[in-house]
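The two complexes that follow have subunit A in common; it is paired with subunit B in the first and with subunit C in the second.
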Partner chain A sequence: MKYFLFECKKMLKKKSIWIAMILSVVAIAGFYFFNYSVADRVHQTRMLDLENSQIDIPEKLAQDRIDLEEAKKAGDSAKVLDIERGIAIYEKMLEDKTFQWDNIISGNWAAISEWQFEQLNNLVQISISQNYIAHSIMDQQVSMFTMRASAEERKLVAELGVEPFVQWDYYIPYHPTMYDKHDGKVLEMWERSTKRYGKQGFYFLYQVIPAFIIPFIILIGCFVFGNNVSSEATKKKRGMNLYAVLPLKRRQLFFAKYLSGLLFTLSFVLIIFCVPLIASLFTSGVGSLQYPVLIYDGPVESPFGFETIILNEWTDAFQFITIGQYFSTVLLMTAVLIVFMFSIYYLLSLFIKNPTVNAAILLIGTFFGMTVLPKTAYNPFTYVDIHRVVNREFAVAGFNEAITVGNGLMVLGAIGVIAIVLCYLRFRRYVVE
Partner chain B sequence: MKKILFEWKKITRLKVFPVFLQLTFVFVFGLFFYNHMSQDQIKVKKNEHFTELRKDVSQQLLRVEEELKKGSSMGLRGQQHFGTELSARLQELIGTIQSGDWQVELQTEIEVYETAIQYIRYDGAYFGVSKIDMERIIKLNEELLKRNLPKEDFDLSTQTSIFMKKVVSLVMNPVGFVMLLFVLGLIVTKEFDDNTIRQVLTLPMARVEYMFIKFVAIVSGGVLWLALIFGSSYLLGELLGRAKGNVFQYPIYTSQDTFISSGKYLIEAILYSFSFMTFAVGLLLLLAYAFRNTIVTFSALLFIMAGGWLLTSYGFQNMFNPFTYQMVDQSILQTPQFFPTGLAVLFVALFALLGATMMVNRKRGM
Partner chain C sequence: MAILAVHDLSKSYKNHQVLDKIRFTIDSPGIWALVGPNGVGKTTFLNVVTNILPAASGTVELMGKSNKDPSVFKEVAFLQDNTVLFDYLSGYDHLKYICDVQKIYKQRIKEVAEYVGMEGYLKKTVGNYSLGMKQHLLLAMALINEPKLLLLDEPLNGLDPTSAILMRGILLELAEKGTTILLSSHNLAEIDRVTKQILFLKDGKLTEVDMNTFENTYYEFVLSNHGLAHRVLTEHEYDVEATSGGIRVQLDNEQLDNVIDLIKGEGIHILDIQKEITGSEKLYKEIFSGVNT
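Showing the complex of A and B:
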């Protein structure tokens, strides 16, 4: 225990570690505020549009009514029909925009979400009734799965009554899913209209987790805290050799050094993820832990008992869990992923004394494992993309029910333990020559 | 010159850089080999895509026939006429894909989309490709026929210029540049960690001169790396890939719906890569001399590069922001109007960074 505390004390005494930590905190806080400003700009654009519409549309309607009277006097029935149709559309538009404006101003998000759910649900019901997808984006149909999941999500958000994620398309706020098959210009437009921004702390974290921020922060943590052996084992600083002459068991020393580095890395990652939550207390708050998160359930069982290997956007199932449940699973996977990545980094540091080289090798190895090796339950790098394991996207898209959180914890944990054993075997007779 | 060669000796003795160069070559070669083995997949992908489109059209035709039984209308008849023609042309296209005659394939694809554009005018008629994309593909195919070049799959092609483009998109990005700096930056940061910088500062050499020598050494290492990437991908394409015809005239769409030839794309890629690499080295030097510690320097570098990438991913692609150019492929195709001003921006930013590094280095003592 004493050696462990001593290693922790040595870590805390290093100015470079404090500077790296402060930089990291500033970086993540900066990222949160930058994202908040972008989200706020999207929201303000919406409010400006709603505000201007309440002036522009009545003016247009007044002009249209004048044109209608003139057309009636002229006896132009086709034009009268056309203008009447236009007036009906604009009156509905004005009603919708006024409804949104009034409810956003009063903070009545439940009403807004309920209205959005009605838009989405209408599309779902029409599509089901005619067995044909009723909505397209620039001539490419929206996936039926996306429509169904988006409607269900909006219903749950309406029941919760909280401010949803900020999104460019606030009329029909689709939730992007893996069933989307857009390409070309349509894909660009789809991505722009469905990109979601989380202003609140928890929603911001949910927004950035799919972008591999967790492995990035873990890599930084390993880079900062994983060098307590390699920094004492250079040709200039042979501090490691001093331990050989002390009455100190190698096993004790190894675990003191390893565990201190691991503890600091775990704490570092946790602190970094708490920074946006703390920052959000000064902006929109942390958000609700009941917010729905989409989980893919894949194809339903065939009545004949056959396993299907085709995704079906009309019938494939899904469910929603709360963001609180999502984070508790992500936290658990993150902890085990930290053990895995830190152990590999530590093993590398026992062979190569340059932290930058170790970080580069770990990064290249992780990238190789994620992109080149197949996504299977036994490939530990499958679980680096925590979001797509927790929401079961990998399991459903790959028709591999073995890619689960439980298996991920076991595989990462097992390889982490093997790496620790290898580290110890290398460390046991480690002498700087 | 001797001092620069001495820095090079230090780089090679570290062994990391030669290994990094070898790994880069293995990556390029591995990618080419993978593409070479996956050539059949290109036909399979095209087949699947057009078969799926034909299946959709056939299902719509069945529905139209049922509605026609209830009552005929001009719209339904028109939809049936063009739908049937579209289905036939799609079948023909699938046949030409199998036969491998690329000129007939391109021409047939044009006819498919021209028919599809007529088809989707009718209510209830749906085709899985948007009208804008169909018009773009027609324009591309016509251009390819004019230049006498087959259409390439940008992910799996072994055509020299397109393979080089793929390598650029995979390597010339924040990850590639950070890898290079992690490997080469050691010759600067290691001296601070080992305190050998104190001995260097006793030598009769100006600090600024020493900093400049480091800069030249690292940049020349970067140039060697870039030369290896572009050179090896070019040679693999020329010797083992498809290099027939005027391959460097392949038309590539930009975001402004204009074409840029693949040769011009590669020239811009080389210039942007070199410019951004020197800018990144300038940034590394400033951070290294400011913080004088490996961990802090590279952590700061990682955050700055990640921050620059975030700005562009959020759509803040400003001509005067040097980080706009760290995704080389994206900056050439998404913001073609920024060339060549972007190069000037990078060099001005580089001089500013070197100036700041000189200011930091001015004072005596550590």
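Showing the complex of A and C:
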């Protein structure tokens, strides 16, 4: 234990480590505040639109009513009908916008979400009744699955009564899903309108996790804390030779060094996770841990008793878990992913002394493993994309029920342990030349 | 049980044979100096002896145990160069760690720091130490477990005269107390002052030399009349040469009395006498002639 504590003390006394820590904390805090400012701008744009509509629409209605009177006087019945229809639409629009404005101002998010649910549910019901998807963007239909999932999500958010993610399209706030199949200009419009911004701490984390921020933070952690052998075995720094002339077993030294590096990497990732949560206390708060997170369940059992291997946007199942459950699973997978990545990095560092080269090899290797190797249950790099494993996107899209969190923990853990053993075997014969 | 026993020890880098089947044993306490020009393999020899570097062949026993057994370092210490120090830690941190590993009581840190004269900067960060201060710390680290066998790689590097004198004093005191010391050094004058047992390392082989058989003793006299003294001693067939401050006479120890009597007999006052022992340097030149030092 004393050896381990000494290694920890060494880490804590290195200025370079503190600089790396501070820079990382500043970077993630900066990212949070930048994201918050974008989210706030989107929200302000919405509020401005609602505010302007309180002036513009009544003016438009007043003008239409004058035109209506004139059309009636002129006996132009077709025009009268047309204007009356227009007035009805604008009155409804004003009513909706006034409803939204009032509820947002009063913080009644349950009512807003309930209203959005009604819009989405209407589309779902219409689509089902006519057996044809009722909403298209420039001739490209919105996926029925997306429509159903979005409606369900909004219903849960309404029940929860919390402020939802900020989104450009607040009339029909779709939850983007893997069933979306847009392309070209529509894809661009779709991505913009469904992009979600988390102002609250937990929501921000949920927003950035799919963008591979976890493996990226782990990689930085490995780069900073995974060199406690190689950095002491250079021509100018030969601290390893000090241990060599002490009555200290190699095994004790290895585990003191390995575990201290691992502990600091774990702590580093945890601290980086906590930064947006702490920063959010100065803005919108951490958010609700009850917020719904979409989980894909895939094709339901066919009438013939076996599962189909075709996705069906009309019938495929889904469920929601809370964001709290989502984070607890993500944290568990993150811990095992850290063991996996750190052990691989540590092994590399016992062969190559340059941390930049090691980080590059790990980065390239991970990218290769994720993109080129098939997404199977036994490919450890499948589990680097924690979000898509937890929400079962990989399992459903690849029709591979073996891609689960449990298997991920086992595969990453097993390979991590193998890497630790290899590290130890290499360390036993490690010589500072 | 030999204190240090080296059997057929070999080590090579690529095609260069640095150590070639070296056989060497130290059976009783004393000071041994390992001498050789730069790059001849002195540090490699010490590193292989302490198992920092693996030997290509041969065995080493320290205090009766294989050098591959880490427990030998309860009784053996090795003062390496200052690259083994951690710049971001204090001297105290280093010593405390060694105390923890060696299971030594913490009071020993204070004792050893005082002994080597580093108590004033013990808690400062090593990155702020001078070369000499680092050398003091390395010495403290080597002495903290009161080793029976002490190996030192260039211990006089970076030491000012005061520290060099202190280091010499410590080495002699340790040897007197029964510690066996093997040190490598370039400073032949300092070696002459601490030991007569020299190990010359050349072409991968060790040659052990007892300098008592090679050393010359000179006495430098500062007198009231140098010219007269020079003439008188020359007449009595002493090997005399004039120096800038007096005369220098090569003598055996038993001849000193006679010379003093001769000088005083001429009515010359002796103002100062200094003794100088030489030998290793001359022998070094003979052994390593043609080698770039």
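Going forward, the second predicted complex is superposed on the first by the 433 of 433 C-alpha atoms of A that agree within 3 Å, B and C clash if a C-alpha of one lies under 4 Å from a C-alpha of the other, contacts with A are read in each partner's own complex, and residues count from 1 in each chain.
Simple rule for what comes next: contacts are C-beta pairs under 8 Å (C-beta built on N, C-alpha and C of every residue); 3 or more make two chains touch, one makes a residue touch a chain.
Computed from a predicted structure; not experimentally measured.
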After the match on subunit A, would you call subunit B and subunit C a fit or a clash? fit
Which partner does A:Val38 reach: the first (subunit B), the second (subunit C), both, or neither? first
Contacts of A:Val357 with subunit B and subunit C, given as first, second, both or neither: first
After superposition on the shared chain, which partner residues are touched by A:Lys9: those of subunit B (first), subunit C (second), both, or neither? second
Contact-wise, after the overlay, does A:Gly107 reach subunit B, subunit C, both or neither (first, second, both, neither)? neither
See if subunit A has more residues touched by subunit B or by subunit C, and give me that chain. B
Determine, under the contact definition given at the top, whether A:Asn227 touches first (subunit B), second (subunit C), both, or neither. first
Write the angle, vertex at the C-alpha centre of subunit A, between the C-alpha centres of subunit B and subunit C, to the nearest 10 degrees. 80
Given the touch rule stated above, what does A:Lys249 touch, subunit B (first), subunit C (second), both, or neither? second
For the superposed model, what is the least distance in angstrom between any CA atom of subunit B and any CA atom of subunit C? 11
Go through subunit A and flag every residue that touches subunit B in one model and subunit C in the other. 236-237
Subunit C contact footprint on subunit A (complex, rising order): 2-3, 6, 9-10, 13-15, 232, 235-239, 241-242, 244-250, 431-433
Touch list for subunit B against partner subunit A, complex: 14, 16, 20, 23, 63, 120, 124, 126-133, 136, 175, 179, 182-183, 185-186, 189-190, 193-196, 291, 293-296, 298-300, 302-303, 306-307, 310, 314
Counting only contacts in the complex, subunit C reaches subunit A at residues 47, 50-54, 70-74, 76-78, 80-81, 83-86, 88-89, 93, 97-98, 100-102, 141
Where on subunit A is subunit B touching in the complex? 16-17, 19-20, 23-24, 27, 30-31, 34-35, 38, 132, 136, 138-141, 183-186, 216, 220, 223-224, 227, 234, 236-237, 354-357, 359-360, 363-364, 367
